[in-house]
Each structure stands twice: as structure tokens, then as C-alpha cells.
Amino acid sequence: MLAAALALLVLLASFVPQPWAWAACPTPPDAARIAGLVAAYSDDEDHDAEDDDEYGNTIPQPDTTIVVRPGVALEIENFGGEISVKTWDKDAIKIAADHSLRDKVIIERTGSAIRLKVKSRRFVPAVIRYRITAPRWMKLELSGVNTDIDIEDARGEVRAETVQGDITLKGGVGFASLSSIQGEITVTGVRGRIEASSVNQGVRLVNVVGAIFAESVNGGIVIENAESDSVEASTVNGPVTFEGLVSDTGYYRFATHNGCIDVAMPEKSNATVSLSTFSGGIDSSFPVTLKKIKSRRFQTTLGSGRAKFELESFQGTIFLRRPQEARQGCDSDDEKDKDEKDGKTKVESGDQDDR
Amino acid sequence: MQDPWIERLSEYVDEELSRPDREALEQHLLRCTECSSAVEDLMAVRERARNLPEASVPAELWSRIESSIATGRLRSVPSQEARPERAKESGRERTGRLSFSLPQLVAACLAVALLSGAGVFALMKLSGRASRIGPTVAQAPPSGAAREGATQAQAPSRQGAEEPRSIAASNATVPATGSGAVNTTRTEATPHEEAIAELRKALARERDRLDPATVRALESNLAIIDLAIDQAKRALAADPANTYVKEHLAETMRRKVELLQRATLLASTANSEGTR
Amino acid sequence: MSYSGGGIMTPSQDSEVTPTRTKDREDVALAAHGDVRAFARLYGAHSTRIFNLARRMTSSETAVDITQDIFLRAWEKLATFRGESAFGTWLHRLAINVILARRSTLRTEQKRFSDEEGIMDTLPARPVRSDLGMDFERAMERLPEGAKTVFVLYDVEGYQHEEIGEMLGISSGTSKAQLHRARMILRKHLTR
């Protein structure tokens, strides 16, 4: 029975004009976009009434290009698949979507946004691969359940959220808020404020200029080559590593419960570094003094001590080194401490100096 | 508005117009920006109406009904043997729309907002206490597990310390029992634990909507945080004056609240489109 | 419909998308014979939906009392439920009847649905919190009674104009006009 239905479907599919054939239809003029909102479906003979959803929204074809005026945002809610956004200088958005015939992409236009939604046949989650080229200024609000999201060179605000899907942000300027439960977050070459959070995977920020807020539960945080005066990176189970410029007026906090911390600090910095641990160790290239015996807070001051660093690991080792010194441990995959190092101030758990 | 077409726009949006009317209106829409804008808004209003949050029923309502039944009009018919308890199943089958309690979520958000942020962290460090921050909490009524009918939320009666109760969705008259100054030595634990308990309950109700892999990931991460909390608590017990551990415990509990909050939001929105 | 309901989506259709709660039938039979525990299970399954219907059609303050009335009425009338429709549908209709009956009878039916502007309740001032879309819900609560009723029944609960007309004793044309009126008021409160 099922096989017969499938066969029938295949047969039918070969008769129904493929969606990409509709790309030959002329792009609707801007003035008619409202009419597009509630499609005059009866005019299109190829269009099965059953294919329209109950709102009668336009079912766009792949490679639809829509003119947009500055200020309009893009909103996508996806289930499975991928959202890939690149940008260009035009005030228009090009939308292409690969998906099965049984799924439909619905474009809604409100005054302030272009919204892409999925309509899938009952109970079968849709898998859509979006390829979008958007105006550089466009604000992006993208979400997907099992969706990988890739954004390149966006200059408007970016919000991306997935349940299971990696999020990658490359290039671009402005504020970005990226969050996933199971996916990994990677940001490279961005100028702006970044808020990145994963639950089960790590966060990686490379070549970021701007404030950073990064969080994970079961993943490491890697920050490389940052230029920032405000960094907060914390996880529960995983390492936190940082390399970057130290601004005299900056605040930098790195915290983990079960994992190591590795911070590279140029010798000429002006920073007060506070290192706290409960049962972990401290491995510092700079001399540290035990500031508070009871709370095992150590401190070291460089230069005028203006910038504020807080390094906290409940039960892992905290490494503080000069950038040119090799990492002693605490790579993203390697949390094991190295015990023996010469010329370094070392404090092990159980070591209590009376100072 | 003099435009006669405006009055028919809802019918248009609901597809109640005859074909000739519809076509005429569409022609009009091409020329009339007011009308087009109204069409967009009407669709948005309709969409909002379909996605309204559901408030949860106050827990004590059932007992009121029950006692009214008992003391009021008792049927004079022999009651049959009661079926075995099936409260759990009925809860699961009740695939209501967004039955998660908005007030609960808001309250937890308030709790989290008050308890998180570098500014608050700094405040805690400076003052060494968090007494200002504890929200006034009302004791939630005991778990309704024993009560079959009340598989809904417990009384959503939480107060943020800073803001008056502005969500009037619940008429719970459970009085707030918290006092202004929370005991400082156990400060960090108490408000979080209330939020966690509430969210846990809400999540337990909604988790069936999430796919199993996600549920597993969330649960295992909650376990990771729980372990960290446990270790921090024991550390604090061994070393009560350790301010780092105190703050670390508070922060870890805050992470738990945030994760639960996120998970519950995720679950509660999982069905709003039918594609998740 | 884009949302799923607890066994009822649009009462005018059979809800083929979500499974009918077959346990309802058994519990109804038991409860009709006086089994309070069975009725408790029915309450558990349907109270959230009914409560929210009451809340949206009246207000948060009165919703609890009205929900109580509804379920007490349902208890009394269970014996008359013949099982032709789903229990939830029956309960929903009953709820609407209770809600309508309870509302102010100072004004005549006709006036309630008239075109005269703003029979607005004055509500006690509440702190403004627009970040959660409360503007919209508060605006809903403030709608003129007739418009609010139709709006909730049509846009929120999914009834058709003919059904609404039947329930409220108005023509479906009036129902359409009231719906439109509600939406046009609410469009000013879309938060974005």
C-alpha cells in the first residue's frame, strides 16, 4: 500500500513542474508585493489549491530576489538543514532554497521584516537548505532546530539560535548573539560585540575586535587574537583559553569549574590578575602572591595594574604565561596539567604559604 | 476612514470574499498603501492571537471544585470502583498549546536577571552578601503528584524583589512568605533553589515535546552542573569563609537556572509551529 | 491551523491532527455516575484550555471563579452529554455559555454588538511591561465586549462566523464586523 503510494507520488512528481522551472517566471514588481501576500492562486493553473497553506501565502520559487528598503530585517525559522547567508551591496535579498517537493518555503512580508517559514507535510519535519544573499545592512534573526547556520560579512545585527546545529560567523561588523544547545559556535574576524553560548559544545572566537561574552556548559572556550576591553568567558566543564591584547581599562574574566585556564599576558601589560581555585593548581610565569589564604586567591600585578583579570578554576590548573611562551597544557583537548616546569612560580594544592 | 474597502479587509485576510470581490480588492490594494499596511497588520494580529501564551490554572482551584461537589450537589447514585491512578498519562496526553506558565518563566527570568550579570557579581564581591538580591518567594503548594486532577502548574506566585507583580494571569492568593532580608549565610542557595524547583516542574511537563537527543543533552548538562554544584557545596562546607567558593557556587546555580529556563522555553515553543 | 490544541483545535472540524483523547469517554462515563476522581482527570486534561478561554473572554481577575463555575456546571450536566461530539468540544461550548451568561446583563444584546465606540472597562493601572507582549494581551482585555468575544472565539479559539453567530445570537455579518473591529484596534498594539 505504501509502496503504491510512493510510486504514485513519484509518478506525479514527474508531471508536476519542478520548482526551479518557476524561476523563469518574472520577479513580481514591488508594488504587487501585497497581492503576493495573499496569492491569487486560482490564476495559476499549475498550482494545486492544496499546495497553498490556509493563509494563501505566496509560495516562492527558489532564487527569488526581492527588493528591500533599508531597515527591513530577515527572519528565518527553520527545522532541519542549513541557513547560509552571504551579503552584497544591493538593497535586495536573494533567496534560494533547496528542499523536497513536499515542503514549502513561505515568504511573509511585514513592513519591517522578511520572514521565511517552512510548511511541511504533516508530521514530517522539513529539511531546507537556504542560500541567501542579503544586503549588508540587513538585520538577521535566524533560528533552526537541526540547522547549521553560516553567516558571512554581515554588518547588521545578527541573532542566530539552534538546538542542534553549528553556528559560524565570519567577518562582519556589529552585534551578534549566537546560541546553541548542541552545536559549536565559531566566530572569526568580526568587529563588534559578540555574545556566544553553547550548552554542549565549545565556543571559539578568533580575531575578534570588540566585547566578548562566551559561555558553555560542557565545552571549552577558546579566544585567540582578541582585541577587546571586555571579555567574559565561562564554562562548567571545559577549558578556557585566552590570547589577546590587554587594554588598560579592560575587564577580563575567565572561569570554569572543571577545567584548566590558560591566559597569555604580555609582559608590558598594566593589569592586576587575580587567580582563584579551590582544589586546582596555579602555574604562572609571573610571580604571584597569595592574597587571601582562606579563599586561595592569588594575585599578581603587572605595570600599573589598571586592567582587571579574574582567572578562576574550581578544580583545574590556571596557567598564566607570556604570549611567546608555549602553552604548557590546557589545549582544548588536553586538560592534563604538566607538573614540572622550571623558572615558574608554582602553587600546588596543599601548598600554603604564610604571607 | 472613508475608504470602503477597509471594512472588508478582515474578510479578505480570512478568505471569505467572493472571487470577484477579492479580485477587486486586490486591485485596490495595489493603489492603496493604507490598505496594504492594514492587511499586513491584520495578519500579524491573527498570528499573535494564535500564539498567545497560556496561563496556568491556580493549583487550588481543583480543591475548591472538589469541595463544592462534595458539599453541594451530591449525586445520589452509587459510585463505581475508581480506575487506577492515571494522572501522569493524562498530563502527557494533554498536548495543550504552550501550557507552560508564563508567570513562572517571568519570575524565573527576574530571579536570573537579578542574580546574574557582572554588575551583580561585583556587588556581591564588594558587599560580601547578597541579601539585597533575594526575591520574595512564596512557598509553592506541595507537589500535586498525589492529586490526580491537578497536573497543572503549581501556584505561579513569585515576586521579583525589584518589580511589583505585573503579570496578572494568576489569581493565586498564596501569600508571599519571604522576608526582605534573606539569611546571609545561605543566601545564594535559597532563591536559586526555588527557581530551579519551579523550572524543573515546568520542564518535566513539557519535555515530551523535545526530541530525545536534545533531552539527553540537556539532562546530561544539567547533571554536569549538578555535580559542580555538589562539589562546590561540599567545598563550602569544608571551608565556609571561602568567598571564592561562595561566589562560585552562586554562579553555578545561576547557570543551572539559566539552562533550565532555556530548556523550558525551548520545550514550550516546540509545538507552536507544528514543525518542531 | 498552525497551532495544536488539547484535543480541540477548531471545534467545527474533527481534530485529525492531534489524537482525540479516548480516555475522555471512559472518564465521562464514570464521572456521569458520580466518580469524582474520573472528573478530576477530565479537569486535569481540559482545565488549562478552559481557564485560558475564560481569562481571554473576561479578564484575569474573574477567570478562576468562572472556571470553577464552568466545571461545576459540567459536573451537573455530564449526564446529558451524549457523546456525539468530543467531550472537549462539549465542554468548550458549555464554557462559552457560562461565560456569556455571567457577563453584565445591564446592556441589551443588541447594544453590546453595536458600532458605538468604546464601551471600555477601566482597569486598574498596572506597570507597563512591553517586552513580553503584554501590551497586546492587555489591549485584548480592554476590547469592547462584543468585539472581544468574537475575536477570542474566531482568532484564538478557531470557531467560524456561523457558529459564533449561533452561539451569540447574532448574524454572521455582525460577527465579521466585530472581528474586524477588534483586529483594527489590536493592530495598534503589535509590539515590534
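Chains: A, B and C, in written order; residue numbering restarts at 1 for each.
What we mean here is this: a contact is a pair of C-beta atoms (placed from the backbone, for glycine too) under 8 Å apart; a residue touches a chain by one contact, two chains touch by 3 or more.
Bear in mind the structure is a predicted one, so any value in this text is a computation, not a measurement.
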Distance-maximising chain from chain A - centres being C-alpha averages: C
Most centrally placed chain, judged by C-alpha centres: B
Two chains sharing the most C-beta contacts: B-C
Where chain B and chain C are represented by their mean Cα positions, the distance between them in whole Å: 22
Distance between the centres, which are taken as Cα means, of chain B and chain A, whole angstrom: 26
Length of the line joining the C-alpha centres of chain A and chain C, rounded to whole Å: 42
Sequence positions of chain B contacting 2 or more other chains: 44, 273
Residues within chain C bordering two or more other chains: 1, 17
Residue numbers of chain A (touch at least two other chains): 54
Complex contact set, residues of chain A against chain B: 31-32, 34-35, 37-38, 40, 42, 54-56, 77, 79, 108-111, 117-120, 125-126, 145, 163-164, 181-182, 199-200, 217-218, 232, 234, 236-237, 251, 253, 255, 257-258, 276-279, 292, 294-297, 312, 314-315
Interface residues, chain C side, partner chain B - complex: 1-7, 17-19, 21, 23, 26-27, 30, 33-41, 43-49, 51-52, 55-56, 60-61, 63-64, 67-68, 71-72, 75-76, 126-129, 132-134, 136-137, 151, 155-156, 161, 176-177, 179-180, 183-184, 186-187, 190
Chain B to chain A touching residues, read off their complex: 12-13, 15, 19, 22-23, 26, 29-30, 36-37, 39-40, 43-44, 118, 211, 213-214, 217-218, 220-221, 224-225, 228, 231-232, 235, 239, 241-245, 248, 251-252, 255, 259, 262, 266, 273, 275-276
Chain B to chain C touching residues, read off their complex: 7, 9-11, 16, 38, 41-42, 44-46, 48-58, 61-62, 64-66, 68-70, 72-75, 77-80, 82-83, 86-87, 89-91, 93-97, 99, 102, 106, 147-152, 163-164, 166-171, 271-274
